[in-house]
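The first chain written gets the first letter, and so on, giving A, B and C; residue counts start at 1 in each chain.
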Amino acid sequence: MHLAFGPAAEKTVTDPGASTSEAQAIEVASIEDLHVTFRRSGKDIAALRGVSLDIRRGEILGLVGESGSGKSVLGLALLGLLDARADVRGAVRVAGRDMAHCDQSARREVRRVHLGAVFQDPMTSLNPTMRVGRQVAEVAGSKDEAERLLGAVGIPDPASRMDAFPHELSGGLRQRVMIAMAVAGNPDLIVADEPTTALDVTVQAQVLTLLRSLRDEIGCSVLLITHDLGCAAQVADRVAVMYAGRLAELGSSAEVLARASHPYTLALLRSRLSLASDRTTSLLALPGEVPNPAAPEPGCAFAPRCDLAGPACLDAPPPPLEVRPGHLSACVVPAVEVTSRLAEVVRAAVVPHPEREPHNDDVVTLYRVQKSFRVGAGRTTRRLQALRGVNLTVGRGESVALVGESGSGKSTLLRIVAGLESFDGGKLEVAGPDCPQMVFQDAGASLTPWLTVGEIIGERLRGISRAERAAKVAQALAHVGLPAEVAKAKSAQLSGGQRQRVSLARATVVAPSILLCDEPTSALDVSLAASVINLIGGLRRELGMSVLFVTHDLSVARVVADRIAVMYLGRIVEVGDADQITSQPVHPYTQALMSAVPDMGREPVALRGEPASPLAPPAGCAFHSRCPKAIDDCGDALLDVRLTAVDRSAHHLAACIRATA
Amino acid sequence: MAIAEPVARRALRTTSRRKTRNLERKASVAAASLFGVVTLAALLAPVLSPDNPLMPAGAPLLGPGKGGFLLGSDSIGRDVLSRVLYGMRTSWFAALGVIALGLLIGGVIGLVAGATGGWVDNVLMRITDAFLALPAPVLAIAVVAALGPSLLHTLVAVSIVWWPFYARIVRGEIRNLAARPHVEAAKLAGAGRLRIAVRHLLPGAVPAALVTASLDIGNLVLTLAGLSFLGLGQSAPAAELGADTARNLSFLLQDWWVPVMPGIGVLVLAFIGNIAGDGVRNLIEPD
Amino acid sequence: MSALLAKRLGAIVMISIALAGVLFYLQKISPLDPVHARLGGQASASAVAAERHRLGLDRPEFTQFVDYVRGAVHGDLGDSYRTRRPVSTDLRAYLPATAELALSGLLIAMVLGVLLAFATTLRWKASSVLRPVLLLGASTPTFLLGIAGILLFYSKLHWLPATGRSSLADVPGGPTGLITVDALLHGRFDVFWDAVQHLIMPATAIALGPAVAIARVLRSSLVSDQRSDYARTARAKGLSEPAILIKHVLRNCVGAALSMTGLQVGLMFAGVLVIEQVFSWPGIGQYVAQSIPVADFPAISGVTLLLGVGYVVINTVVDLLQAVADPRIKV
């Protein structure tokens, strides 16, 4: 398969001997001591501080890091797309050119012939006013080739999708279009920057699988940039872990997972949630926050958060050293010592949860709750069926997680319990005396920007003196691990983790009977997420609150909740004790969600298709169109699948005629 | 957890801003303060003017610089400079007045519509849209024609057609803010409708409204001058920029300064207004 | 598309009726009595009563309003106090001159606006000088632009004429009333060129302010979209900057520029009325200027209705064009 237009000839010139066996060892890109500094509001932001990295021909290299680690800057540097005002030192060699310093037209040529790119948000990354066929043809060279590519990336009926505009496609299909553009012309390297972050869990697995199969087919290399170590380890051949603009650890995926040698990698692995995480103790959260890139420390950037840090760590950033063949780690402490000493620290840090006393009364009772929204106006009005009859109870002091993909109605359910949304039918009882409190996904947006933290939290304290109010605010802040001075700060002056703590302080300054959590950790870095989850669990036990926790991630649900309710298109399809649901899922959808959780060393199992539109839920069992176990009866319009007891257990219910019959 | 740190860091950042940044900011402050300077000058117009704008002070139609007239004299020997200064004073206060009224009416309607939502929002915005769907200056002409020509009527007419613009902007800002979770959080914290509107919504709309208003002063000066040129303003002896140009058009080819100088007065006022408006925008919405 | 069209046409009718209502109400609250305006202050009481009856002023207000709207729909805008002719007849005589001037101005404003936006976005040579010039241009009153033009290009340089639409005697009376178009239809290039020379100054004077406004909006839209994710994707494909601007960014920015153009038309109408005075342009502006001092309300309300409906129609066209440019706007 070769390009229809010219530069193919040049390609063989810049890549001598592409087909020889030696070429397998040659790297498609090599980064040498790369420093990138941006100037923002008059301050120098050190995004990359000396990174050297080779990408080998045909490999998938997972580049893992939290926000501010510089992983995306590295990707842009490879593409030669850094801001022209950035100060770049070092070299970024792709196809014989230095993408950091060669002229624009040479960079363009390398991008056009040798590189492909997939970005995070396929909605904004595609031109909204151009038909996708034309957008692909722009790189593919011809309409026919574009159509072939759309087919190759798994877009059903590519001929008709050629004329679609991006907004007419689902999120998964849009990302497939992006991938089609990236692989057009058989590039040597595809830079994929968080390609699955904006997608639903079950679609993420599809896209990862697609990326890997394309690599196998075309033989290109892939740089997979992600914040999720599990996601990288699952599909990548090698993994590079970055922290604060430097490489912390690099090695083959299996090696890094099994024998992580850098304290940061170990911390990431510990705080990362999986279906095997221990539910009975608090999570091991990484203390502190990501360092400020505007004021880099002279020594190891991780030292302030590291349990093993000593005086030797503070002088100079340690260079990556080989700990085993092909396995680098940038730590002054010998690898063997790292693992043994950290194991001890961990043993000391683990706090088991106290036993919960069972309560018999319910705080929230939902009975056949229905909700639909009107979409559009005039003749095009349609009804979006967000909730199609939901029964659920939350006991006093109990924690229940609602799990589902976009369109499942989980957030709508939460907002109805909060009283922020009305409902059309059914019954809702919420035990008083005060109304439920809520923490939002975007904690920053849930704090009024021009009010101080003290004013915001104080809003819940009426009818008491100013001094009493200040004392209560300070107490609530202390409860969430923040000092009293925070009361004087405004939201913009706080970090992401601090904002989420402030919103928890507001919710608990007067303990509510139930705390509603709308994906409070999904916008946070892995290390911060664990500490917020610990905090919510701690507050719940201390204040005797119930918690209703919405998440798309079963592994999060498993550790935060006593019970889990899995939702699909406005209905609960399975509900039961967290252990039961995650160890013996009965409903095919729950099983699919389980297998979609990215985990190390496990093949991603992709569920076909994407969640159907709640504007037109399929007849019968709404899941039957995607269900691997569906039989003809499942799509019967007269079928009303109800939650039925599994194994005669009153706790574990599932709505599937195949599973419970 | 060291929380105070980012706060301190923030303070550090402001003090360590680069020089260029600092210079830009100073330039913006200087530009924005032109609003104050012009207002002061307008207040002091009687002191600044060398002659009475309504009374002849020398020979007619003397060129600029001749006979002690810096900008020349008009057809009956009045000082053009004094007339232009008095005209600028009228224009400036008229523009400020219309903007203040527009902000007040538009702000209240925008806030009520945006914060209430539902049918109230619908009705108020339909009315606003109907006004916006009509060409404002032309509608103002009709209003003045009905009420009879006078400066007050012109200002009333322009205010009537000007507020919907502000109502739209304020309402849009409020709607955007109302969709943010911080409003829902305030609702859950027990804040009432009025408290949410005044404390959690209104402050967020102020910057946009202020920026729009300050960028609008130049426009308004020009619009009012145009209406004055068409004869919708004070009657004959009063000094008014647009009208002074219109009445003296016949002198254009021989004694050009008589019609041109008032026009330049408008230009200066609008130009200062635009520069100051840009300054305010740069201060409030630095990019 | 047809649904949107029907909705838009409905909106035009609604707004026109609303405007008619406003004008009718203005007439009612006006201190100037239409009967006295016609008969003079000395008329006898019986004559006044007879005139009131003839004008239908003794009937219920709502009936009067319905009659007014019905008349307006059929082109009956009442009689002018000043000329004593039907306002519609007067307008018909003045409209072509104004339409020619306004349309030329709109054309110049759009072309100039796009050029200025591109020059500053792509950093063409000397485009840095443009910023202060643009700011100055946006601050200059229309009439000053007009008289400065007359002083420079007519009085000093003798390049362009200063008054009227044409200096030729045998202008063909064509089907449209727009001299330039009629001249071309009749193949009279001398007349066309002469008319263009007359148009240049007044049309440019009314176009400059709107051109700057359009350029500003288009430029900021272009610049922000150049930094957008989809532009980054285009860059990753290896497209050149001009190609990205023209193939990808421009279509996404047309909407903002179009809606600004629609808004500016309203200000341009006011500019037309003013500039016609300066250049003795025989259009509606002259008619308005003569009507204002004598408080000829029927004449002015007729003009307002005409320009108001024209404005609404133009903005409807703008909305439809936006829907064509952006597939996300549901039609």
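To be clear about the criterion, contacts are C-beta pairs under 8 Å (C-beta built on N, C-alpha and C of every residue); 3 or more make two chains touch, one makes a residue touch a chain.
Because the structure is a prediction, the values reported are computed rather than measured.
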Tell me which chain's centre, taken as the mean of its C-alpha atoms, is farthest from chain A. C
Which pair wins on C-beta contacts, A-C or A-B? A-B
Counting only Cα atoms for the centres, state how far chain B is from chain C in Å. 23
Averaging C-alpha coordinates per chain, one finds the centres of chain A and chain C separated by a number of Å equal to 53
Rounded Å distance, chain A centre to chain B centre (Cα mean): 48
Show me the residue ranges of chain A that touch chain C in the complex, using the header's touch definition. 79, 81, 105, 108-113, 115-117, 119, 121, 124-130, 138-139, 165, 167, 178, 181, 191, 376, 378-380
Given the complex, residues on chain B that touch chain C span 130, 133-139, 141-149, 218-219, 222-223, 225-227, 229-232, 242, 245-246, 249, 252-253, 256, 259-260, 263-264, 266-267, 270-271, 273-275, 278
Under the definition above, what is the set of chain B residues touching chain A in their complex? 1, 3-4, 6-7, 9-10, 13, 16-18, 20-21, 180-182, 184-191, 199-200, 203-204
Under the stated contact criterion, what part of chain C meets chain A in this complex? 3, 7, 228-230, 232-240, 247-248, 251-252, 325-328, 330
Counting only contacts in the complex, chain C reaches chain B at residues 11, 15, 18-19, 22-23, 26-27, 29-32, 135-136, 138-144, 147-148, 150-151, 155, 209, 265-267, 269-271, 273-274, 277-278, 288-289, 291-293, 295-297, 300-301, 303-304, 307-308, 311-312, 315
